[in-house]
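Across the two complexes that follow, subunit A remains constant while its partner is subunit B and subsequently subunit C.
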Partner chain A sequence: MSLVVKRYIPLAITFVMGIIMVIATYFLEIGSPARDATTLLTGTVDVIVATAGVIGLIVLLRHHGVNVSRRGKYWKYSTITIIGVITYLIVAVYGVAIQGRYLMVASEPVSWVYNQLYAHMDATIFSLLAFFIASAAYRAFRLRSLEASVLLLVGALMLLGRAPIGGVMWEGFPNIATWLLNVPNSAGMRAITIGIAIGAILLAIRQLMGVERGYLGPER
Partner chain B sequence: MIYGINDGLVASFVLLIVVVAEGLIALYLSRTGRAHPKIRKIAGLEAIEEAVGRATEMGRPITYTTGLGGIRDQVYYQTIAGLNILGYTAELAAKYNARLIYFPYDPTIIPMAVDVMEQAYIRAGKSEAFNRDNIQYLGGDQFPWAFGVLGAMHREQSAANIHMGPFWAESLILSESGFYTGAIQIAGTANYHQIAFFVVAADYALIGEELMAAGAYLSKDPTSIGSLWGSDWAKITSIALTILAVLLTAAGVTALLDFFAL
Partner chain C sequence: MSIGSISKIDRRYLYILLFIAVSIPLLSPLKLPIPIGEHAKRVYDLTESLTAGDIVIESFDFGPSTRPENYPQAKGHLFHARELGLKVVALAFWPSGAPIGEEALREVYGADFEHSSEYGQTVVYLGYVPGNEVGMQTFGDDTSTAKGTDHWGTSLTDLPLMRDECRSAEDFDLWAEWASGTPGEQQVIQFVQGRHGGPSAVPIVVGATAVSVSGMMNFYTSGQIYGILNGLAGAGEYEFMLNIGYGYPYEQGPSLDAQSLGHVLILAFIVLGNIGYLLTRSKGGKS
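After this line comes the complex of A and B, so read on.
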């Protein structure tokens, strides 16, 4: 593929689209035909996403298919993955067939699989986060340095301020926790947020001007 | 509309112009060689080479993720920053003959990741060593993806785990479980609510804008580094405006606050 197609055209598209979006956000009134047109333009991303979904499916099936055929490492897990993907696809097609709906609208069989299997497994995984928080907190709150000591002190005050027992012990704990959240925490977060926003604008400038193009393909 | 600008966005537009102007001036000065800005060392990025070297010595792979980002969401810039660091990491991995496994979350970035990694292997002069199978798509749902990565980290006994991009609740799942594999961990995100988890659980953490600066920092390109200089100017402007607004408000003058509300 030539350098023009692989590099210059994507850079030109990035630049033009970036400028159009800035103009639309600041100068085109919401509800005006021109603003609606730019909204439609962003809708083209859905086409890319839909195509990429197929790429994702192919990459997934190819990777696990090769692993199974070569009896590679953990090929049994790969088999389960392939069975899962194909079964869900069959359920989706069956749902469309019996209900005559579009694929994007979840049919009853698809919803059933989602609600009865997926939702529970997802919630189980999410709930494990509590244990990860506990183990991370244990390591972080050890008195190894001045910073860790401050973290321990603030963490303890926050726990006492937010847990009901803290307020029973001393009514000042909830106030301290609220102050910690609203004053020092907000100040730190706002500083980080301003830094991130400026960093993002400068990254966008580097990309729009083609200075930073590490995300593009090989220069050949 | 005020001066043709949508309501509520006048101050935002003026500040955007100021930040962009500062960035462009800094970029111009460094490109023309009139200024030679220096950048401080970012420990998290310096540690990537150490992590890749460690993986090579141990004969174990490096796992890499760019969080839950794609090209369609508002945090895409973090994904792009993550891909820039992926290119650098892949080049080092190619140079040191270490295996790098990348787990994309959103299928839209698979083609970009393939290009970025291929380019990195070409730069390292090891194009034949590039293997597309090391880009493993695990699905596009938060917790299944996170546990897919977690499982891979444990099965492969990765020597280094690198997470750069937008992360949410899975940040701690990944970094804490990665800790138990004994891997060196480098993580960065601009999602400020997750930064604390990475700081606590990873060996090195990139905080907020350090992630966005990574591409310029790693490229060592004076022009890119110049734009980081511009971001320093923008931060000084923000601090000055904040102090000025506080002083004026304390003195009973609300002109600046009124302007910000425009």
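After this line comes the complex of A and C, so read on.
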């Protein structure tokens, strides 16, 4: 594939689309025909997402299929992944076929898989966090230094302040927890958020100008 | 048992103790009183300040993993909105949130609500809206462009609430975001509120997992988020206020009792670990 197709056309598309959205966001009146036209443009993301979903399915099946055929690392898990994906796909298509529903997500077979399998597995994995956190807190929260001691104290105050038992012990605990969230935590998060935002703006400018090309894949 | 072993207890014993501590209040609730915090109170007060007919967006952007925290928050708020006569447009920018949103609406509006007379007039369920933050932006700019049909394939032009009243973010009186990740509250602020007049034009209240609330407090203190239901405790606080105001069942008591005992046990673990650590260090040993 020529360099024009692989590099220059995607860069040109990125530049043109980016500039259109910048102009629409900062210079066009809400409700104006030009701005409405850009809304239509963002609506096409649905088409891109749907296409990417199909491509993702193919890539996933190919990746795990190769791993199984070569008996690569964790190939048994790859087998389970392939079976899971294909089974769910069949269930979804079957759901549409028997119910003629507009959306697969609303069909009964898909809902059954979601409610009886996915929901329980997802909740189980997430709830294991409670046990890991308890064990980690026991091992990690140590009075090793001043910073670690402050972390421990704040963690303990939050644990007591964000559960009803803290208020039963002393009514000041919930207020302290709220203050910790509102003031020192908020100040720290604001600094991080502003830093990230400035970084994102710089990255966007670099992408628009064609300086940052990582999203196009490796240059060969 | 040596002194050093206090700080080296096998994690499996900790797991068993935590399991017991969490199970006891679920079987036999302690009925601890729940203090109402300012974050939840602001969600309640803002919703109360709306007038009948105002439009509320209820966005179910979470999956089954955080359901114990997010679901009671969202269900309580839906109930509140219905009691106040608010018009509800519910949707999900997470595919895994769509079935949960449908379930919550069925619990509050009735099992067959999509065939009731109020459907399309005072409540609409759009289901999954694709596109993540771009989907949010499109929905804020023009609701019909983001998705042309409701959850069951009915065209939005056949639903009077969507056709005549809820056309863009200019028509939203409140956005209730039930979130546990991306897209979530930050994307609503960035792509809907920020583009359509700021916090006074599109006020946002958020129900979030406790672990993610610290990351959104800067938006709360700046006023971009008006109020927050903070995890399970926030859901309990909201249910308690609804219980006083409208007789809504307060169901989170046992869960919050379990959370209380879990927190106390973790504190006990931390104290125990530090006792072992300090004793070992005072004797010149390695920890």
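Throughout what follows, the second predicted complex is superposed on the first by the 193 of 220 C-alpha atoms of A that agree within 3 Å, B and C clash if a C-alpha of one lies under 4 Å from a C-alpha of the other, contacts with A are read in each partner's own complex, and residues count from 1 in each chain.
Note that a residue touches a chain if its C-beta (ideal position, glycine included) is under 8 Å from a C-beta of that chain, and two chains touch if they have at least 3 such contacts.
This one's a predicted model, so the numbers in the text were calculated from it and none came from an experiment.
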Review point. Touch check for A:135: first (subunit B), second (subunit C), both, or neither?
Key: both
Exercise for review: Using the superposition on chain A described above, determine whether A:181 touches subunit B (first), subunit C (second), both, or neither.
Suggested key: second
Check your understanding: When the two structures are overlaid on chain A, which partner does A:45 contact: first (subunit B), second (subunit C), both, or neither?
Key -> both
Review point. With the two structures laid over each other on chain A, which partner does A:74 touch: subunit B (first), subunit C (second), both, or neither?
Key: first
Exercise for review: Considering only touches as defined above, state whether A:33 meets subunit B (first), subunit C (second), both or neither.
Suggested key: neither
Check your understanding: Counting only touches as set out at the top, which of subunit B and subunit C does A:207 meet: first, second, both, neither?
Key -> first
Check your understanding: Where does A:193 make contact in the superposed view: on subunit B (first), on subunit C (second), on both, or on neither?
Key -> both
Review point. Looking at the overlay, what does A:126 touch: subunit B (first), subunit C (second), both, or neither?
Key: both
Point to revise | Doubly contacted residues of subunit A, that is, touched by subunit B and again by subunit C | key: 25, 30, 45-46, 49, 122, 125-126, 133, 135, 137, 139, 189, 193
Check your understanding: Where on subunit C is subunit A touching in the complex?
Key -> 9, 11, 14-15, 18-19, 22, 32-35, 37-39, 63-68, 95-96, 98-99, 102, 127-128, 130-132, 134-135, 137-138, 141-142, 145-146, 149, 151-153, 170, 195-196, 210, 213-218, 220-222, 230-231, 233, 236, 256-257, 259-267, 269-270, 272-274, 277-278, 287
Point to revise | List of subunit A residues in touch with subunit C within their complex | key: 25, 30, 35-36, 39-40, 42-43, 45-46, 49-50, 101-103, 105-106, 111, 114-115, 118-120, 122-123, 125-126, 130-131, 133-135, 137-139, 141-144, 152, 155-156, 159-160, 162-168, 171, 174, 178, 181-182, 185-187, 189-190, 193
Check your understanding: For subunit A, which residues are in contact with subunit B within the complex?
Key -> 22, 25-30, 45-46, 48-49, 52-53, 55-57, 59-60, 63, 66, 73-74, 121-122, 125-126, 128-129, 132-133, 135-137, 139-140, 189, 192-196, 198-207, 209, 211-212, 214-220
Exercise for review: Could you please specify the touching residues of subunit B with respect to subunit A in the complex?
Suggested key: 1, 4-6, 9, 12-13, 16, 19-20, 23-24, 27, 70-72, 77, 80-81, 83-84, 87-88, 106-108, 110-112, 115-116, 118-119, 122, 133, 135-141, 143-144, 146-147, 155, 169, 172-173, 175-177, 179, 190, 192, 195, 197, 200-201, 207-209, 211-213, 215-216, 219, 221, 223-224, 227-228, 230-231, 234-235, 238
